[in-house]
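In the two complexes that follow, subunit A is the common piece, with subunit B as its partner first and subunit C second.
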Partner chain A sequence: MSAQARAGTRAARFQAKLAATEAQLAGLELPASSGWLRRARENALLRLKAMGLPEKRDEYWRYTDPARLSGATVTPAKVFQITDESAVFDGIDRLKLVFVDGVFDAQASDVLALEGIEISRLADAGQRDIHWAQDLYGAIETEGQSPVARPMAVRNTALASDGVLIRVTGKPSKPVSIVYRRKSETADAVLHHVIRLEPGAEMTLLENGPVAARFSIDLEACIADGATLHHVRAQGRDHERSGITHLFARLGEKSVFKSFTMSANGAVLRNEAVIWLNGKGGSAHVAGAAMGDGAFHHDDTVFITHAAPDCESRQVFKKVLHNGAVSVFQGKILVKQIAQLTDGYQISQALLLGDNSQFLAKPELEIYADDVKCSHGSTSGELDPDQLFYLRSRGMPEAEAQGLLVLAFLAEAVDEIASEELAEEIRVRLAGWVNRHKA
Partner chain B sequence: MVALDNTMDIREGVDRETVETVQSMAGKYKHGWETDIEMEFAPKGLNEDIVRLISEKNGEPEWMLEWRLGAFRRWQSMESPDWAMLNIPEIDYQDQYYYARPTSMIEKPKSLDDVDPKLLATYKKLGIPLKEQMVLAGVEGADGEQDPERRVAVDAVFDSVSLGTTFKDELAKAGVIFCSISEAIREHPELVKKYLGSVVPVSDNYFATLNSAVFSDGSFVYVPEGTRCPMELSTYFRINAENTGQFERTLIIAEKGAYVSYLEGCTAPKRDIAQLHAAVVEIVVLEDAEVKYSTVQNWYPGDEDGKGGIYNFVTKRADCREARAKVMWTQVETGSAITWKYPSCILRGEETSGEFYSIAITNNWQQADTGTKMIHLGKNSRSRIVSKGISAGHAQNTYRGLVSMHPKATDSRNYTQCDSLLIGDQCGAHTVPYIEVKNSSSRVEHEATTSKVDDDQLFYCRSRGMDEEEAVALVVNGFCREVLQALPMEFAMEAQALVAISLEGSVG
Partner chain C sequence: MLEIKNLHVKLEEEDKAILKGVDLTVEAGKVHAIMGPNGSGKSTLAYVLAGREGYEVTDGSAKLEGAELLDMEPEERAAAGMFLAFQYPVEIPGVGNMTFLRTAVNAQRKARGEDEMSSGDFLKAIRAKAKDLKIDAEMLKRPVNVGFSGGEKKRNEILQMAMLEPRMCILDETDSGLDVDAMKLVADGVNALRSTGRGFLVITHYQRLLDHIKPDVVHIMSEGRIIKSGGPELALEVEQNGYADILAEVQA
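Entry: the complex of A and B
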């Protein structure tokens, strides 16, 4: 067989993928809109049809089956009622935006006004002819499609029915908090947020709640020179829901982005972060604490590109897995030739408790600049018997000793949260989870 | 070279002269000459007739031919892998010779003494002893006497044929079979039938399947139960003919409680046109047996502009089939324009152990995508990976590895350390590890770092009078130390020198 004919089989598989995508999208209607938003959606739909929806055999999806996230139908998921603890961030003074099953609820939300920021709803802004977000919506996402395609993010850009557009010009006095509530067992929420921080601006963005039976959330953040975005997210405790999120961040000179995510429970949950350090002296930290017991499949996929000199990046991911829970970490640091003096660090660790839990990791470095300091570490194992023995010998009951060690293990990720007040909100929920799920 | 002189621990039994011999090896690719000899070629191209012809030339039985044809048919429906971080120019498999042997080898010489002197001279020039009273260059004592402790049996493979194997009689006394694979197929068909393709199945991957169809020669080692092989075994591969692919196949079997250490070396002439090398090595390790496999891969890497060189697509795998079997891979990869190679361990038995030590050096336009797979299937299995990648010039160097802990491989351990060093700002160093842990009691640790040659260390060396290249060679040798120390002494000396040579021209 000739080389061309052999190449043909790979091409044939790709054609089959495109045909399957076409079939799945057939008859699908884009949300009603006009103007710039309509154009962005149509463009995304074309891009999606050209790349195809993800398949299990795709290298980027080797550890997580995308079928449940991209399929035409939603797997119903029971709504989980939390009665044993207050909702996270409840004690924080914040500007609250509430979405119920993926639809903005103006009555439950605060008035969208705060000094130093402009907020609008995607569904409203999309009707206007001109809006600041039109240069960003789908644009940072498009930049994030190379070198690895992220078709689920494109699908979101095409289909997102709601979301918020936040422009930060100063330093607002309190965090903006997006709260996702659930009522329906079958809702399929597609949300897309855009945030622009003007030079020197600073904001904290909070997200919490289970969102919907199935959800897809894209967040595009343009962080201009000298601006800072803090992001703390808690993804609720619903067991049966499935979801995918994408965090696209583009950083300017000396800008800072710090993101932390707490994930507990969930049938399939994938959090992707795609970060570009485009200006000198930028700093990006992404951290996550994920906990699951039994039917839990969690995936953290992170891609940080150093495209400017003298930047720093950190990835800190911790997973606590009980009784057959599965967690994935795919992390990459890409250092372009121009990005001399890069400091890149990445750690992914799993605690496997009970039988049959799985940790699947692909921590990658791709480096084209020589004057760099990059390292990654990845470990997986049980609780250290020596540490347990130490605590037990000091009179601590076994369950308590285990809990203490699990929380200590998660601490490095929580320490990435800059605000002590917010870190404490998270620590309390982590401790709650750990106490409810003893090995 | 000051680098080697002052800093390396010279192992006992190696004197100054030896060190100087190795030092004198410094220079550009020094094995780039060719042997002018009359060759017999099979017609160019790849088809069933060529497969039949190779089988016939080797005097193979019918079952072997069928095995090859099966592989060839399978290969035709396969695709060349595209997942490695390699830019592989399209290879025209029809524009190659698949079989080339010196005309003087048509009538198989009775012993090495009858082999064409030109061929013997080739190996002499390469420093490979084909006479039993000689030892590998670099280790002979001051008086030229050999140390009986340090004898090495050699199988010399020249293009598609094995010229002969030394120390056969003495090995036979110990019950060890060491011969070319073509001879083994004729003389020991029961062993070959039982084990060939049992570690690397015929359809394992594109290049292994191609090799299964067209392999022409290679080495066969059988160490019987409870036997410690009395000397190191070695195969030296030389590509000489132009436009010719070399497809060797090596099969090593260590029965219960056996031990063998095996060395592999390879070189090729300088040519403008790239040449193909697709080898398969299979190792079967049974209960309590141990195999050490060391490679110094020094195929022609191409010139400063990336012209020519060997495309090295190799499948190497060891199967620790029974309890407490042990395997250790050590590789020094300095040559080849493109390296695609992942020596792997299947840790099937309980308490088995696999180790992988690797130095991969790429300079100029070389590309390497290399690493290992540790597949833990048995309880209490252990593995250790130490990989050092050095990239200079415009080269790209990737470590790619898999550590897999299956649900039943409880209480197993893995430790992985991969370090990359960059010399210059036009090259790349990449790490692509896959870690798959499917039971809770196993422990896996992976660490990787990437950095440049430390300025302070360089300054220290320079201030003591070393020139810049010497200083870099010294620092790099220090960086590689853990792996160099895992090599048998004969290779360690050569490898240290190679590290320096491979990086020549990378500074300034």
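Entry: the complex of A and C
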């Protein structure tokens, strides 16, 4: 095929994609709102129509089929009743915000007041002048559309019906904890949170629970100079749900962002993180521990841009895959020319337990500065027989030895959590999962 | 204590016989040493007794106090009282040394139907034993064998032996890679565990270790068999003349 013919085919495909998107969005009503929120949503809808919903053919969606995430109908998913353990973070002193099937539940939530922060609900923010949020809602997401288009994040900006807006001015005494519960087998939750940390502020954000049969969550975070945001997320244990999340974080000088996600089970689950280190001396860590048994498709897609000198970033992703579970890692470090003395690290590893499990990894480095330190690695393998024998020779039964080694494998990711209390909470959950899913 | 009869072992993956009829009995309270040239099957014997995969027993038996070891899983052998100090202790990143030891101690107790050791008792015991082996608190906290020097790894093996209190201890070239001081420390650790109810099988290339851990019986192994047994003087003979004389004498 000639170059011209190829270009012609590409253009035709793109037109078909836009037409399909247009058709799918045709009857769609944006959530009722007014003011700045209405304008941001309309703007997002236009942007989405101009870029089209993702297709499996798109390079960025090569390993994960977006159909179930972007389709007009929700694939029903049974609610998974957890009876063998308490909800994650239950023992942690926190300010709790509860969403049920994607709708804020004021009765189940704490009073939205905590010294050092201002919290509002997105659903009724449109007619209020919340200037800081107006400036950020959809704005960081828009920045995140280049160099790679993320139409699912745009779709979220257009359709999000609820969420929280949090402005942090001090150092609140306890974490803000968003709890996602679900009751419906068909609910389609679209949530959008915006967080702004003023200079020097510090907060821990927790998220946990299965959200909905299908969900999309965008989180936009603006972390000003010297501010710190800790983020620990546990995505529930529902097997049939599907979801996509986007984490957009823009970091100022000497600011810190540390995000950890634990994912267990789920039919299709994609977590994207898009981070910019825009000020000197910033630090961004994203880590994840994912565990799947059987029909599990999990995708971590990360893009970290070093746009200032002296910054550090780490990506640490560990996956435990049983019985045909599939996991994807697409991780990129982009170091701009100005970002001298960058220290970048990226590791993605999968433990394949059972013959048909699959790990698809696409680690990427793109570096334009000359004085940088960047390392990356990606491995997949089984448990080490020598380690297993060593443990058994000391008296540990095989299953117990395997469990210990699986947890050891996950440890590097969990160690990225700064708070020992939260790390321990996650370790207990991981151990529970490992015990329930023996190799 | 340990009774090995006519043990024949080949590699599972290839048709290569390694042990060709080993007979050996270690009595309770005694220290037996096995010496022999490279490739004679010493380490294979240790691994087969501990239950490592990759070997196939084609004939013979190995009993620990009357129970057939070869029918047991590695963890069952450990609970029955078998312990192998590895020639190359395995590094396990992500598992703290202390957690590893406590899990092992309690797994064995559970297998024997005993109560778990309380964390207070465990800490007290491990601190005392670690101190004797000059193992500091930092080393106990680190992941198992990760970043340990050769000497530290071997001392850590002896610490495990001291905590697990096995009845039958096999030391596979525990002296390899040790300087004189480290060897002394390890030997002291082993000697402290010598008792009337416990048997030792010490595998080594050199007489040197046997200066510190005095054996009751010395065996020479060659080509998968014990070809000669004797008192401690046999080790001295090897040290002075090498294996050639003994091999020639046996073949004659």
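As a convention for this text, the second predicted complex is superposed on the first by the 430 of 439 C-alpha atoms of A that agree within 3 Å, B and C clash if a C-alpha of one lies under 4 Å from a C-alpha of the other, contacts with A are read in each partner's own complex, and residues count from 1 in each chain.
As a convention for this text, a residue touches a chain if its C-beta (ideal position, glycine included) is under 8 Å from a C-beta of that chain, and two chains touch if they have at least 3 such contacts.
Worth saying up front: this structure is predicted, and the values here are computed from it rather than measured.
When the shared chain is aligned, subunit C comes close enough to touch A:E400, but subunit B does not. Of the two partner chains placed by superposition, only subunit B is touched by A:Y368; subunit C is not. Touch criterion met: A:Q337 reaches subunit B, while subunit C stays clear of it.
In the superposition on chain A, contact is made by A:Q387 with subunit C only, not with subunit B. Comparing subunit B with subunit C, the partner in contact with more residues of subunit A is B. Contacts of A:F409 after superposition on the shared chain: subunit C is touched, whereas subunit B is not. Chain contact summary for the complex, subunit B toward subunit A: residues 76-80, 82-83, 85, 90-93, 407, 420, 422-452. Within the complex formed with subunit A, the subunit C residues making contact are 50-53, 73-75, 77-79, 83-84, 86, 89-90, 92-95, 100, 103-105, 107-108, 111, 143, 160, 164. Chain contact summary for the complex, subunit A toward subunit C: residues 385-387, 389-398, 400-401, 404-405, 407-412. Remark: subunit A residues 1, 3, 6-7, 9-10, 59, 337, 340, 350, 352-382 touch subunit B in the complex.
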